[in-house]
Structures are given as structure tokens and as C-alpha cells.
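Chains here go by letter, A, B, C and D, matching the order in which they are written, and residues are numbered from 1 within each.
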Amino acid sequence: MSNYQDIKEQAYIANMQLPKLGLVLFTFGNVSAADRNKGVFAIKPSGVPYEDLSVEKMVIVDFDGNTVEGNLRSSSDTKTHAVLYKHWEDIGGIVHTHSTYGTAWAQSQRAIPIFGTTHADHLTVDIPCAPPMDDEMIKGNYEYETGFQIMNHFDGLGLSYKEVEMILVGNHAPFTWGKTAEKAVYNSAVLEAVAQMAILTEQINANAARLKDSLIKKHYERKHGEGAYYGQ
Amino acid sequence: MSNYQDIKEQAYIANMQLPKLGLVLFTFGNVSAADRNKGVFAIKPSGVPYEDLSVEKMVIVDFDGNTVEGNLRSSSDTKTHAVLYKHWEDIGGIVHTHSTYGTAWAQSQRAIPIFGTTHADHLTVDIPCAPPMDDEMIKGNYEYETGFQIMNHFDGLGLSYKEVEMILVGNHAPFTWGKTAEKAVYNSAVLEAVAQMAILTEQINANAARLKDSLIKKHYERKHGEGAYYGQ
Amino acid sequence: MSNYQDIKEQAYIANMQLPKLGLVLFTFGNVSAADRNKGVFAIKPSGVPYEDLSVEKMVIVDFDGNTVEGNLRSSSDTKTHAVLYKHWEDIGGIVHTHSTYGTAWAQSQRAIPIFGTTHADHLTVDIPCAPPMDDEMIKGNYEYETGFQIMNHFDGLGLSYKEVEMILVGNHAPFTWGKTAEKAVYNSAVLEAVAQMAILTEQINANAARLKDSLIKKHYERKHGEGAYYGQ
Amino acid sequence: MSNYQDIKEQAYIANMQLPKLGLVLFTFGNVSAADRNKGVFAIKPSGVPYEDLSVEKMVIVDFDGNTVEGNLRSSSDTKTHAVLYKHWEDIGGIVHTHSTYGTAWAQSQRAIPIFGTTHADHLTVDIPCAPPMDDEMIKGNYEYETGFQIMNHFDGLGLSYKEVEMILVGNHAPFTWGKTAEKAVYNSAVLEAVAQMAILTEQINANAARLKDSLIKKHYERKHGEGAYYGQ
């Protein structure tokens, strides 16, 4: 039994949710789950089909991106996960997918406008879209720089990763995170649903207006903060 | 055995139809079923995933929104249900979803034009879209006011809730109702299908015309009223 | 055992294909299968959910629309089927659905342009769209007149029902037919697939050209006529 | 036991993937698997539904299109496969489908622009779209000429079939290939996903830019070439 059995199980279960939720084709996605006390995370091995995954195949990596346990090569996006875990200290899980609608918005290099309460139930701002990196970063330590690109975009917009748990990387695809891997997967599915509704909204009404502030505030506070009354 | 076993079972069965019909992601929807004699309704508990629901977990609430039976907190939309049951005395079931196409029309703040017989089989007017509430109502008793916003919009348009069993709440999402919870769920699925066909219709022909009155009347009367000859 | 057991079984099996192929929501569709020797057809009973259907519930109707056998009321569209069977003597099966994309084209009152070989494999012309009927026909014997509207549109375009086995009825939805009920169901699925591809084609290229004659002829003849070499 | 048991099994398994991946309706697609040593390939029989397929029903054909083994007529597209196997000597499998989004792009006669990393993970150029053939080729040996049309378009663009394993045939539909039948099927699913994302990208942003060269290179090289670090 591994010393990291808990997060390997969490990562396995969370990874297996991606195909169930229709968020991945073949191996185009990965989930990791962190153990903050041990300073490591469990992540999907690279290029292994979901139907061949098992708890044992999860790879344990530290926050500098070094493999600590596991016989398989970790996800090619491992360094992006490592950077985010290292700098955003309250994250317990990260998800990357190429889900259809989220990826289309990323390819369009547009943030997803906040058009309704489905969006506001989860975050109070447009879903941000980081610009593609400059060529030096791409040619360099690409996946590592992707993490910084995400963090820099959040800094530039003055956003908190604790309140906004998702981003599009321009021309690439979505990343989401959360207190747990399960929550990060939930956020990936929410992003995809909101992304689909947003394109339809603009198609139905090319002049559709963003949600007004009072509704944004109301819906977000129903689910978050001290006065929240959604859920048990 | 609860005194409200019947409506708890109805509400449970109807709630479980939502994921089967593809109308909800996670917990984004709720169904209630009323017992008019006892002056109460059974409703989904807040934030509980559909796969964890059971008859026993349904919450019994009176038409003023007070919980009468149940250990769980009722849906965050409970007061909207309560207001509608209190004022629209022939309703036996209510459904709220964030179904993809219906929500996109709501976000667009447009009523869904009556383009064909699929629509006219169920109602003779555009599916109405209530405007978002003013800021005072939102900051106040929000879910309670949502019920009034729905009723006021029907009054303004001169619509009868007995003939038109569905509405979009602007920037938010659909609500439907009916004699029973089962019928209300049926209406939610119809609304979603009609909403998808309507956006496609406009995309195929930007100048698509509304259905003419004779066809609206014919199709509605096939299914409703004295001369109806649809069904058994 | 019914005297019409064969066509009741054919109609049952063909009706059950509609939900499997994603062509119907609830009861929004019906299939019939004809016995030309006996001058009758078996058709779905009106408003009965597909999961409650059985061979025994199929209703036997003659080509004037009179029920010959069965305890249930036949489909509300029965008279349209009867008229088509009576006048188009080589038809053995008819299908009516409100499938999403086909219905959207019907609501748009546009014929579906022949954009590619998927279309040409099945017919050599645009999928015709009959205009809505005039008000007198609608107020009169509506379903009966729907049959004549379909036939008149074919006559006006000089089309043969043996070569073109599908039509859109404007503002309403598709009808398809064929030598057998099974073939008619096949045609309904083909129409829906071609309808979806056609709207996407126009969205990708607003000036997309119709398929050229040589390709239309080649693909149609691969599957039909004396030199056909598709299939076994 | 056939002398060609291996490729018959490969072709059978690969063909059965098409309906699972949502790439075919009815019989609108076919996969072949080649044995280079024996100079033959196994291909789906024409017009046989996927649920009726078996290993034994696969037809063995040589690279000139002559049937070597099998009681059934081979796919009507057999000669296209034969031509490609004969001239592109490193191909081990070929797939033809009429998948929805890929076919819509083909009908639009547009190459699919490279908008993001999902595309660049698999090829570094727009997915090419060969123009429809001239009338002489269509009236002549059509399926044979289709193979040459594909190869000529690659030659004209200076593309290598080893690097670009997919094409659209204008007004028709996609063809893909690869070292194995399994890889060719994988490519068909990738093409369909990329095709859907590309139309959405243009709908979200009519001025969406192609992916920049540095990102194209980076993502392609993650999965291909000497420095590849994706997968195991």
C-alpha cells in the first residue's frame, strides 16, 4: 500500500468522472489531487486511456514537478499543476480538459461573459481567458510557464484564485481547480455548461447584456459566504 | 410512514426524471408536488445530488414557505414554489431547471417565438420571458419575489396559468408547472425541445415567420379543450 | 392472434426504433406499416408512451381512415397516413416525427439544399418543403388535407414518391415513407442527419454551393437503379 | 481459419469503434486494415449494419482492388482504399466516415483552420479539403479516382501523408489513415472533435486567428518526433 493511497484514490475517482461527464475524448484531460501535508500530488499518467486507469497507476509528484512515486510518466501537463499547487496554497485539486465549448471559447481568445444566474452561482466575473504566451515562454519550459501565465493573468485582473476557480488559456483550453479534486471536476463541468449557454445566448440575441450587479451578488451569495443558504 | 407519503413519492419520481431527460447538470433543478387538501408540497432538498435522493429526503413545506416535515433544508427556490402554489390554485406541481436551450433564451431576455406545431401543440403564444426584477426585489426576499415577478408578467400579458404552463425568468432560467408534478416535468422537456428548435429555425431563416393563427388554433385544440382527439 | 399480426409486429418494431434513433421526445412521432393485400395498415395508438407500447396495442385502420381492429384510438395523424397509402400505391410504411433538425427546417419553410454526397446517396433533389395549408383546409379535415398537401407539392415539383421518400410540411415537421416501415424509419434518420449537416454547412460557408449534377447522379446511382453496387 | 485472420480481426474491431465513437449512422462508414507482407487489406462488407458484422464477414482485397477472400461484396469505397495503400506505403489502416461536423466542413469546401492546441497536438496545418473531382473523373472510375484526388491534393500542398493523416473530400466527407486501423479510427474521432470546435470558434469570434507558429510547433513536438514526451 502506498504512503499516498488517499490522494491516489481521489485522483483516480476524479479522473474517471471526466469521461462520465462528457468532458474528454480519449486521453485529452487530466486531474490531480494534492496532499498539502506531504507536499505532493497524485496525477494521471500521460496518454493512458481512462478505461485502463487504476489507483495504482496514479503518479506522485512534488510541487517542483519531480516524480516521487510511480512507474509511469506523469501527465505532460504536470508542471502546470505543480506551479499552481506551489503558489496557490489553498488548492487541493486541479483539472485540465479540452472540453468542446470551453475550448472553443479559448480558441476564440474571449473571456466568457456572465450572462445569467447559472454563471453567477459560481463566480461573479467573466470566466477569464489568458492570452497565449510569448514565443520565448513557449520555446522554454512550456508547461511550467503555462502555470505562470495563468497566475499572471489573475494578478493582472485582480482576481483571487479562491473565488474564481477556472480560467481559459487562450488558443488552448480550460483549467479549473478547487479545495478538492472532486470540486475541481465539478468546476470543469460548470465551465462547459456555462460556455455552451453563453454561445447560444449571443446567437439568440447578438446584443445580450451582461447580468446586472444586483443579480450577480445575490446568486453568488446564495451559495458562498456567510449568509449562504444553498445546500445542506 | 409520513402523512405526506403520496406527494413525497410523486416529488421523488418527478425529480428523478430531470437527469433522465437531460434537463439538469448536478443539482441545478428541483421539482415539487402539492397536496391541495393538506395545503403543503413536497420538494427536493437543497444541493443533494440526484443519485443520493430518496423518497424520505423530500421536504414538506406549506404554502407560506414554512417547513412542516423533513430533516434537510429544502431547495433554495422553495419560496418561489410556495408563492405560486398559494396564488395559482389549480397547480399540482412545479419544476425549475437550468436546461441548456431554455436558459440561453432566458439569458437573451427574449420570449420564444411560436414557430411551429410542436410549440402550438402545447400553448398558443410565445413562451413568455419575464424581465429581471428591480434591484430592491433582488436584495429583498429574492425567491419570494421571483414568484410575484412570474405572476405579474402573466397578468401584464393577460395570460392564464392554466393555459400557459411555462415561463422564462429573464437572465435566469425556466419555470414550468401543471396539474401534477409529472405534467410539470413534461412541460420542462417540451420547453427545452421547443427552445432548441426555435434557435435553429432563426439560424436557418433569419426572417422565419411566426405560425399563423389557424394552425396555432388547430394544433392546440387537437390536444386541449372539448373537441380534443389526441391521446386515449 | 390477430389476422393482422404481421403488420402489427412490423409497426411495433418500427415505432420502437424512433426513440432508439433519437428521433422522438415523449409521443411526438408515429410509424405505420401497411398490408396491401388486406388494404389496411397498423399504426401507433395516440399519445401512448413508447415504453408502454406492445404489438397488441397497434391499431388496424383501412385506407379511408376507419379503424378495423384495436381498442385504442389510433394516432391523431392517422388520416394523413391513410391518404398517402390510398394514393401512393407502392408505399408500405410511413413515419412522422418532430425530429429536432428536420422540424427546424420545416419551421423555417425552406427546402433542405443538397450540399453533399450523404444527401445524394438517398435522393437527387433538395428535400422538399410543402407550404402550410390555407386556412380552409386547416379548419376542415386537417390531417386528411395534410396528405393532399404533401401529394400536391410533389405533383407541383414533378417529383415521384418512389424516388423521393421524404418531405417537410412547412411550420410542422417531417414525413417519410418507403417500401416498408423499416425503410421509412431509416429515411427519417437520414433526413435528420442531412438536416443537421445542412445547417452546419451554411454556418461554415454562407455561400456553400449545391452539389454538382455529376456527383448527384454518381452517388444516387451507386445505391439505386440497375447499375447499383452498394450493399449485398 | 483464414490466412488473413489477423487483419480481419483488426478491421472488425476498428469498424466496431465507429458507432461507439458516434462517427457513423447506419452503414455510413468503413475501416480497413492492411497486411503489407501479403499485399492485401481487410475491409468492411458493403451495406452491412455494424450490429451484424463479424470477423468472418470482413472481405480481403489486394492493392489493385481485387477481392481475394470473402463471400460478401466489399465496401463501395474499396478502390479508394486500394489506391491509397498502393501508393502510400507506410499506411496500415484507412477510415472513411460521414461524421457530422467533418462532413459539414467538406460540404462547405473549406479546410479546417488550425485554431488551437487540440488541432496542433495532431497536425501542424489546416485539415486539407480536396476540391470535388472534375466530371470526367466522376463519370469514370469514381472511387479509384477519389484516391488520386486525395493524393494529388496532398502533392499540390506539399504535404506528407506520414505527418498529416486526414483529409476532407469536398462535398463528400472525411478520410483518415494511420500506421494501424486503430490509429486511423483515432484520427477520425480527432478530426470530428476538431471540426466541431472550429465551427464554434468562428461563431464565437468571426475574426478568430489561426494558432501562432510557436504554439503549433510546441504542441506537435510534445507528441511527435524525437523529443516527444507525451504518453508512455
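In this text, contacts are C-beta pairs under 8 Å (C-beta built on N, C-alpha and C of every residue); 3 or more make two chains touch, one makes a residue touch a chain.
What you see is a predicted model; the values in this text were computed from it and never measured.
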item: Copy pair chain A, chain D: interface residue numbering same or different (half cut); value: different
item: Identity of the chain that, by mean CA position, is farthest from chain A; value: C
item: CA centroid of chain A to CA centroid of chain C, Å; value: 46
item: Inter-centroid spacing, chain D versus chain C (mean Cα positions, whole Å); value: 33
item: Per-residue multi-chain contacts in chain A, two or more chains; value: 203
item: Chain pairs in mutual contact under the definition given at the outset; value: A-B, A-D, B-C, C-D
item: Partner chain D, residues of chain A touching it in the complex; value: 25-26, 28, 45-48, 72-73, 76, 98, 100-101, 103-110, 132, 135, 138-139, 142, 171-173, 199, 202-203
item: Complex interface listing, chain C residues touching chain D; value: 115-118, 186, 189-190, 193, 196-198, 200-201, 203-205, 208-209, 211-212, 214-215, 218, 222, 229-232
